[in-house]
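Have a look at the structure below, then the notes.
Order of writing sets the labels: A, B and C. Residues in every chain begin at 1.
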Amino acid sequence: MTTATSHATGEVTYLEAISQALDEEMMRDERVFLMGEDIGQYGGAFRITEGFLDKYGEWRILDTPLAESGFVGAAIGAAMMGLRPVVEMQFADFISCAFDQITEVAAKNHYRWGAAVPMVIRAPFGGGIHGGPFHSECPEGWFFHSPGLKLVAPSTPYDAKGLLKAAIRDPNPVIYFEHKFLYRRIKATLPTDDYIVPIGKADVKRPGNDISVITYGAMVHLALEAAQMLAKEGIDLEVVDLRTLAPLDKEAIFSSVHKTSKAIVLHEDNKTGGIGAEIAALLAEECFDSLDGPIVRIAAPDTPVPFSTPLEEFFLPKTSDIVAAARKLAAY
Amino acid sequence: MDLADVTSQIKRADLLHMYYYLRLTRALEDRITALYRQGRIVGGCYTSHGMEAIAVGYASALERDDVIAPFHRDMGAFLMRGITPGEVLAQYLGKRTGPTKGKDGNVHMGDLKRGIIGFVSHLADNLPVATGAALAFKMRGESRIVVAGTGDGGTSRGDFHEAMNFAAVRKLPVVFFCTNNQYAYSTPLRLQMAITDVVERAKAYGMPGEIVDGNDVAAVYLAAKRGIAKARAGEGPTFFEFKTMRMHGHSEHDPAKYVPPELLEAWKKRDPILAAERLLVEAGYGDETYFHEILERVKKEVEAALEFAEKSPLPEGPEVLEGVFATDADLSHQATHSRSAA
Amino acid sequence: MVKWLIPLGGAIEKDQSLLEVETEKVDLEVPSPASGVLNEILVKEGETVAVGTLLARIDSAPPAEVISRVGGVVVRPVDSDAAGEEHHSPAVRQLAKEHGVDLAHLKGTGAGGRVSKKDVLEFVARTSAPGTTTAASGEPSMGEEILPLTQMRKTIADRMVKSRQTSAHVSTFFEADFSSIASFRTGRDLTYLPFVVRAVTRALRDVPLVNATWGDQGIVIKKDIHVGIATALEEGLLVPVVRHADRKGLTQLAKEIADLAERARSKKLSPDEVQGGTFTITNHGGFGSLFSTPIIHQPQIAILGVGAVQKRAVVINEAIAIRPMGYLSLSFDHRVIDGATADQFMAKVKHYLEGGHWEQIL
């Protein structure tokens, strides 16, 4: 058995944190069960559920047919009947197969006839792994626009574990965007006690006074890197990690920009119509009097995620983008 | 069906009960159609006119804690599960006293307390959901089952196939049905599938399938009972193709000129209510006087329902913002209805 | 070279026919090797050239839109001449409102010269006097009275501060013996002012650099001499201008000065009577002031203050004499003139004031 059951007091990776959250929730609540492709026998494409089948059996770890719409729909039905399904999309890109069930059935269910759907869909998203157009996508924008869904995107092992637990305990459909690039690249020591990270609360990962960088996912780490570099030049970034995309923690976003008067909105998703556009609009509407400079967005260009390395490198926002934009904005 | 088979397998009271609901369904939907033509109902208006035996038949075979995931031509099942005609008309009129409080219209009703999963307009979306409900019952070792269906048109969608497949793979306690009324809006069967009988799909997914005369309420009832028994016994899903004919247009605004009139003429003779009456007379369970009584009763019931619906208040504008998200309280309340009665 | 199929400046696609040539063997159409714009034609129709000669240049511009990951920071340079019309960011406006800062007084250090939030905050920190809000211990406070700002007061405030920020103010002080003027005045209805004006205009003719203004192209020496007379009013001050003051005699100067002053006080001056001055005189001795450091009236480069004329003991020819003496205070713009020039000018003013011969310019 791997780290799935070990309550390590040492460092765990982002991936292990997710695994721990699933394991602990399944032990705590017998209603929680997992569905997805290759999660049982194989232990999951990313090995997150390694050992779970032996521990929980084939009626709590379901290897599903290749039918996202079918098994997401089933999760909805099971959730309505009192269970707590956690569905795994092997890659977030495949969530489009279940788009109909998620946006038409799950999202609208409680609104229409009062039946809650306490379901979680885990979606490994993001690029930087040579995955090409169908294994690197950031699809959160499509669901951001569907009332009735909650969306979360942790950037650290601590947040990954806490948010997944919160998502599983939430009575609403939650899409949990885990950034696959971060899986084994970041580590942290986690509390041994049970804890959650509340949905709907952003986190200031680095306080600062000059420019607010509002971001989520792997981009948080680029922002922190940029902040270190810019500190030497006397430019003090404040990095606000959204952690929850829907509902947005407007209070945190606004109080940061009220303080700094300058904002950079950063995400890996394509720029046009991405969540950054909504945040920029909110800032213009509700923080206008505090703005001392234009709201700058940094995002991937409006193309599918390309495969070839030089193309993907050009595509993904990088630390140097943040540094350049911050310098310009600071001097404005 | 053979009279002897019917009377030996179905109690008199049950048949009369089914007849009542056939009549109630017809009267209610006729009233809805009339209101629509008077311009008092807005939006879509879909009825099961001439097809009532299917919903009434399968709903009669359910136990109290079973769950249905119906589609838009299952009004009889809604009524048998306990949605009152008053609530139905309130729903159509967009009133706050309907099951969705004005949030959704026509037959998009749902209520977990009464074991009804509300469906969406995207046909066949309800089938994976039904499969999931059945999965929950199996996982918890409950003896509850799910009955879910769609029309011939709905069986063209991916969700139909994904649901059938998953249910069969996992041997889930769900009974699938297809109300084959031969037209999906204006699309005749031959433009929807290369097979003649939808039941052939059952074999493809590894479950037993049966063709049933959809206009014979006794046949539908007995078939449903068989499938439900199998499911409850842990033998997995069954598929029924209920053959029938769509006597009105796709919706009440559709004159359906694409349907050959001779087809309608032929099926008029096979009207399920007339067939039920013939059966009851043959069995000695009813006569003209009785039928007239029932007609009067359902008429009164529908009129009272309309009065209730008309007197009911409309929701107010700001209510549009309510209910997007569920609370923990909603969920714990719901939990009491999602498990078997102890 | 037979024919160009695309006009100069026209767009061309790759492989599209671009020109017709005639060789020894054949006439043919030549397809373009690239897409773009035909920028330069080097060989005209009808010319014959050797094979290999450069015929034309096609400008294959890169695609107009470069996909960018980073949204732009567009900087509009601040138009420093459009005083008062400057655009300020919402944060700057809000802060200015909260702290009562007049943004027109701030120099911006932001991009393009814009006033940034930092500039406002630093200004507030600089100008807030420490301890003014602490009340004396134990003593009851009398409160305070607020006088609303009039338009004139705002304008004066604005102009004074701007002038100080624009010119490099330096002062030089001279003393003049007013006895020849004093004796000439006896029995005549003349104040000291026309004499001073007269002396100043002659000095300006001698040192024309003082009658100038700072310009982008260079120092603009004005050939005409228009002298502004600073006139105190109940609510502020105005500076009506005596035009071509160098051409006017004492009597006329006196008359004009009196008339301008009267109309200034009764608010009957027209706008062009307070514009166009090339030098200003301010008579500050009315209440006994001896010296002053007046603020230059932009866009001029000097202003002369005349203090109270008082009898003083002075040394003349190794003996003490009693003479009516007055101090002359010149503020000048050190961008344009240096101390030597200023003193040169002042020496002339003194010379003409003490020189007499007033009857010739009555």
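By our rule, contacts are C-beta pairs under 8 Å (C-beta built on N, C-alpha and C of every residue); 3 or more make two chains touch, one makes a residue touch a chain.
Just so it is clear, the model here is predicted, and its values are computed rather than measured.
Core chain by CA centroid proximity to the global CA centroid: A.
Averaging Cα atoms per chain gives one point for each, and the point farthest from that of chain C is the centre of B.
Chain geometry summary: the mean Cα position of chain A and that of chain B are 40 Å apart.
Averaged Cα coordinates give chain A a centre that lies 58 Å from the centre of chain C. Centroid to centroid, with C-alpha atoms defining each point, chain B and chain C lie 87 Å apart.
Only residues 67-75, 89-94, 110-111, 114, 116-117 of chain C touch chain A when the two sit together in their complex. On chain A, the positions that touch chain C within their shared complex are 261, 271, 288-303, 317-318, 321, 324-325, 328-329, 331-332.
Contact residues of chain B toward chain A in the complex are 67, 69, 99-100, 103-104, 108-112, 117-118, 120-122, 125, 127-140, 146, 158-159, 161-163, 165-166, 169-170, 323-328, 330-331, 334-335, 338-339. Chain A contributes residues 33, 59-60, 62, 64-65, 67, 69-83, 85, 100-101, 104-105, 108-118, 147-148, 150, 171-172 to its touches with chain B in the complex.
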